[in-house]
Amino acid sequence: MIPKNVMSEPSWYESSARARIEGLLDSGSFEEILPPQSRVMSPHLALFDLPPAFDDGMIVGRGQIDGCPVAVAAQEGQFMGGTFAEVSGAKLVGLLRGVAHSAGTRQGVGAVLLLLDTGGVRLQEANAGEMAVSETIRAIIDVRRAGVPVIALIGGRAGAFGGGGLVTACCSHVVISEQGRISVSGPEVIETNKGVEEFDSRDRALVWRVTGGRSRVLLGGADSYVKGDVGSFRKAAAQARNSTPSFSLETLEREQERLTERLKLYGSCHDTPEIWRIAGLPEPEGIADMTEDDFMSLLAKEGLHHDAR
Amino acid sequence: MEKFTIQAQAKEPLGGERSEAVTGVVASGNLEILFERNKDSLVVTVEVMTASHGYKPVWDAVIRDFVERVSPGGMHISIHDNGARPDTVLLRLMQGARLMEAQS
Amino acid sequence: MMPDELISALFPQGHTISPGAENTFSGQARVAGKTVEVLGIADSTPLGPETALVLAGRVLEIVRLRSGAPIVFLIDTASQRMTRRDEMLGLNEYLAHLAKSITLAGVSGHRTVSVLYGTAAAGAFIATALSTQTMVAVDGAHPSVMDLPSIARVTKLPLDVLTEKAKETPVFAPGVAPLAATGAVSEVWKISDRQCAERLAALLAEGGQDDADHRDVLGASRGGRKMAADVARRVEAAFTHDATVSEAR
Amino acid sequence: MTDWTKQKQERARRLEAAAPFVSGKVVEPGNVTALLKSVICSEDRVCLEGDNQKQADFLAECLTQVDPADVHDLHIVQSGLVLSEHLDLFRLGIARKLDFSYSGPQSAAIARALDQGKIELGAIHTYIELFARYFVDLTPNVSLIAAVSADRNGNLYTGPNTEDTPTIVEATAYKNGIVIAQVNKIVDEVPRTDIPGDQVDFVVEAPRPFYVEPLFTRDPGAVTETQILMAMIALKGIYAEYRPRRLNHGIGFATAAIELLLPTYGEQLGLRGEVATHWALNPHPTLIPAIESGWVQQIHCFGSEVGMDRYMSARPDVYFIGHDGTLRSNRLLCQNAGLYACDMFIGSTLQIDLAGNSSTVTPDRIAGFGGAPNMGSDAHGRRHISDAWLKAGREAAGSDGPLVRGRKLVVQMVETFGEGMKPAFVEELDSIALARKLGMPLAPVMIFGDDVTHIVTEEGIANLLLCRDADEVEQAIRGVAGYTPVGLARDRAKVEELRARGVIRRPEDLGIDLLQADRNLLAARSVRDLVTWSDGLYAPPSKFRNW
């Protein structure tokens, strides 16, 4: 018998990208575009003697949540680290362009769900991957301008690093779990470049204090915090779908204000407990070790205060 | 990459309605398998692309056992392998066959 | 330090560009008789939250004025700043905010052009030069995603093997030529040609074009990204025509 | 006239030489190297306490700093040779001869040092053997040990990681040796006296707490479907068949999977209270769900485990807890318990040959033995009975009667292929080639084939108790060796015959569907889940966190 507070449902962190889509959408509603049998694969991996994936680690298509149409893109974090690359990136960009262009038509959808799980750009095709990130960002903005929310769901093994971190922060709503991580340079990269004194990547508690789900949602880098089961992600996605997004000068001015304020308040802090102390949270040292239920009631009490992304 | 194709004759066609299914992912020590259905055939075709060189005899043995256990007649099976061990290969093949046997 | 030589070459009709906070500079210049806004980052400065806010703040001010003036970005940054503190504060949000601000300017009637005159890498490259509608590379430009030694470390390939492979494909090698091939860099200028001002004027005159992002098409025509444009087009077409597909099922 | 007090006089001489560097029993950290030089003589037998868990690492560092011109050719006698400083002693010429049990992280360095002639190897022992020899012919002249705290009289609190200390001190102190302890803190009063002060000569407050390796923490997140399948096979084919109540588990992922399946699959099989109630076992975090679900009545521990202390203190009905409220572990006593009082040992290995001999030695690594050979051997001195023990004995004898004694169940769990596609089943153990190369008369074998009762792989169980000759053993082993060369070379007809007799049992013979092996069967799928199960009492080391 597994007690109630131990998760026994399918875990987002452990699931494959396909299993996440399966659990996220109404059963049987997913229609994949360029599915595995169409074999649209990376032309570059052979040069490195690496096996390709039938879907290049990016699954895109449309489906429904509670009967409402949505577009979905999911990165497979276990394949090449869920990286942005030529084909995988183009699939995502194409989907976003399709959403933007079909907004308001019969083919329009109510939201885009981005199941990011990525270490960033796939270095074997670095330039194409970098371009894919940039094109994705531009396409996300077009989707948002067309009035369709873009919701990032973060809780996979690879997190959302590098360009994935930038893409996340361009979405209109970010859902994250405790295991989720968002960052630009990964801890290993910082350690390699700046030394272990700057960032000890093996101190995983530190890694999560800096990049992890709880810190991100408390600081405003994410908008919803969920338990790590697939069902909770589905619920959060369904709710976020109804949030009306806006993307305008005013949005970014408010974001400018929000980010300026953050830098002013916390710019001299070295670790997140210092931030939580300034922010007046109870037991700043114990945030990471609270139970999920306690953390969520803390969040509910503190309220989530970011209106601009 | 090493590439080869293994063919076998099954006793019966694989049941079920699904026209295709995927199991596994191309992660280290894992593999991805795409099943496609070729109706009215008892032939099993397995196309392997693998990062581990020199294991064709092991693949032959695994696929022989798989065909014996499941009788996956009419299956066209494509594999991208990233160094999966034989037991993982067999497990994924069985998982794929189970998916294909689903009624819709 | 401001890139004076570049600034004189681009704006011979005069400018009011002056240094600002966090190794940035900004001001206005005259190009073909019209006012353009100029914004820049100098000295290969790694892009941290402070610099990103200064640049984004200025961009938003310009958009707020509704002048429709073109914005020219002169870029010499490094990669994003690599510190634990910056990541803790949400560097991804700061960089994304800059990318969004520049993109917003582009879709709000401002022609946006970046002139890369130094280094730009990884996230900083995305948040600056790659966020404008058009990127130009001039003398000294060295764009990259990651340097080859670091790529060698991650891919576990010997550097000489990697260097050899880089000759076969522009898809991962650093530098202007490979990035031009993938569609990132539109044009490559030489200051010594004395044609920069003219070419800039021509680029800015192209304003009013459609908002669409054609870099993948450019990459395909130059052979640096043969598949991206086609794949994106196929997905988009399938998505917008999906209803008929699902009826057929 | 024979002088019968030479050792006593020598001890007095050394203590005299130490006097300038000490104040009572207390030594300042800066004086330790000088102290060591004054109390250690060349060719002494020295135990520098280090096992597979705790390390007297500060004293080790100090010992490497003595001048080899002053102190050389030491004979190191200790269970674990796991710090780089331990190897430095040989590299620098401070030490020459070695008798040990376990090397873990230094296994490659030891193999190199042996090959280069830097180490003169006495023997690789099991723990109890080495401890036994402490009292016969390997008694230390000087022991350098580690404890949590000391008072000024030398009374030591060794805390949850007591481990080897009482045994080492007993052998040294009562044979005129000298005992020096590094402690994390010198206090006015120790919370409990694990070692009485009159057995301890000197104490030093080390600049940092002694190192402890979290050796027994297995991240449930890394348990694979194959390991889950093997765990299901073991639970249904062995636990449910023999009902062993008293047992020891190895530290591999397959046994961790068993621990994590007890509250789920084990519960479905109705085994709670019937099996695995009493343990000789380190504090495995993966056993927390089974403990919390009421499976476990009692556990005695060899040592402690990083992060488990608060949990164990809160479960004194299960663990051995001092009156001070913290765990007391003892490696010698727990090893003895594992040898004599357990009905089953189940653990993993790296290589198995056609006779069932197993070894963790690879051509360039000597990992040593640790406890597995004692846990994993039939104790011929055992006389008390249990159902599991008798059933195994009768299967082995093929008969029943007043003179048919029982057998300990010794189960080896291996995946047919290890890391890097290395086959676990081999025609000849790598350790034999190594022994040849190093001129060792006896190849290092972890568990001899004649002690092994069952081999479990993802292909099924080979019950060696039911094999009647060497050929049957070989075919039974080939029959579960999967797609390894050894497995592919099986006599298929013979294997089918063995299967018909129940010597080999496949998952389907046990009613286990391959596709049932799913990570959702695990009672905990992450270290975070273990923390939740423990009600927040388990505090895992940072490297195991993903939150």
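Labels for the chains are A, B, C and D, by order of writing; each one numbers its residues from 1.
Basically, a contact is a pair of C-beta atoms (placed from the backbone, for glycine too) under 8 Å apart; a residue touches a chain by one contact, two chains touch by 3 or more.
Since we're looking at a predicted model, the values are computed, not measured.
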| item | value |
| --- | --- |
| Higher-contact pair (C-beta pairs counted), A-C versus A-B | A-C |
| Chain with minimal offset from the mean of all protein Cα atoms | A |
| Gap in Å, rounded to a whole number, between the CA centres of subunit D and subunit C | 59 |
| Euclidean distance of C-alpha centroids - subunit B vs subunit C, Å | 46 |
| Distance from the mean Cα position of subunit C to that of subunit A, given in whole angstrom | 24 |
| Distance between chain centroids, defined by C-alpha means - subunit A, subunit B (Å) | 33 |
| For subunit B, residues contacting two or more additional chains | none |
| Residue numbers of subunit C (touch at least two other chains) | none |
| Interchain pairs in contact, sorted by label | A-B, A-C, A-D, B-D |
| Subunit D partner contacts - residues on subunit A that touch it in the complex | 1-3, 5-8, 10-11, 13-14, 178-179, 202-206, 208, 212-214, 288-289, 291 |
| Subunit C contact footprint on subunit A (complex, rising order) | 31, 33-34, 40, 43-44, 47-48, 60, 62, 71, 86-87, 89-91, 93-95, 97-99, 101-102, 105-107, 121, 123-135, 137-139, 141-142, 145, 160, 162-163, 165-170, 182-185, 187, 189-190, 192-194, 198-199, 209-211, 215-216, 219-221, 247-249, 252-253, 255-256, 259-260, 262-263, 266-267, 269-272, 275, 309 |
| Footprint of subunit D on subunit B - complex, ascending | 52, 55, 57-58, 61-62, 83, 85-88, 90-91, 94-95, 98 |
| Subunit C to subunit A touching residues, read off their complex | 49-50, 53, 56-57, 60, 63-64, 79-80, 82-85, 87-97, 99-101, 103-104, 107-108, 122-123, 125-127, 130-131, 145-146, 150-151, 153-155, 157, 165, 168-173, 178-179, 181-184, 211, 213, 215-216, 219, 224-243, 245-246, 249 |
| Interfacial residue positions of subunit B with respect to subunit A in the complex | 1, 20, 22, 25-27, 30, 32, 34, 36, 49-51, 78, 80-82, 104 |
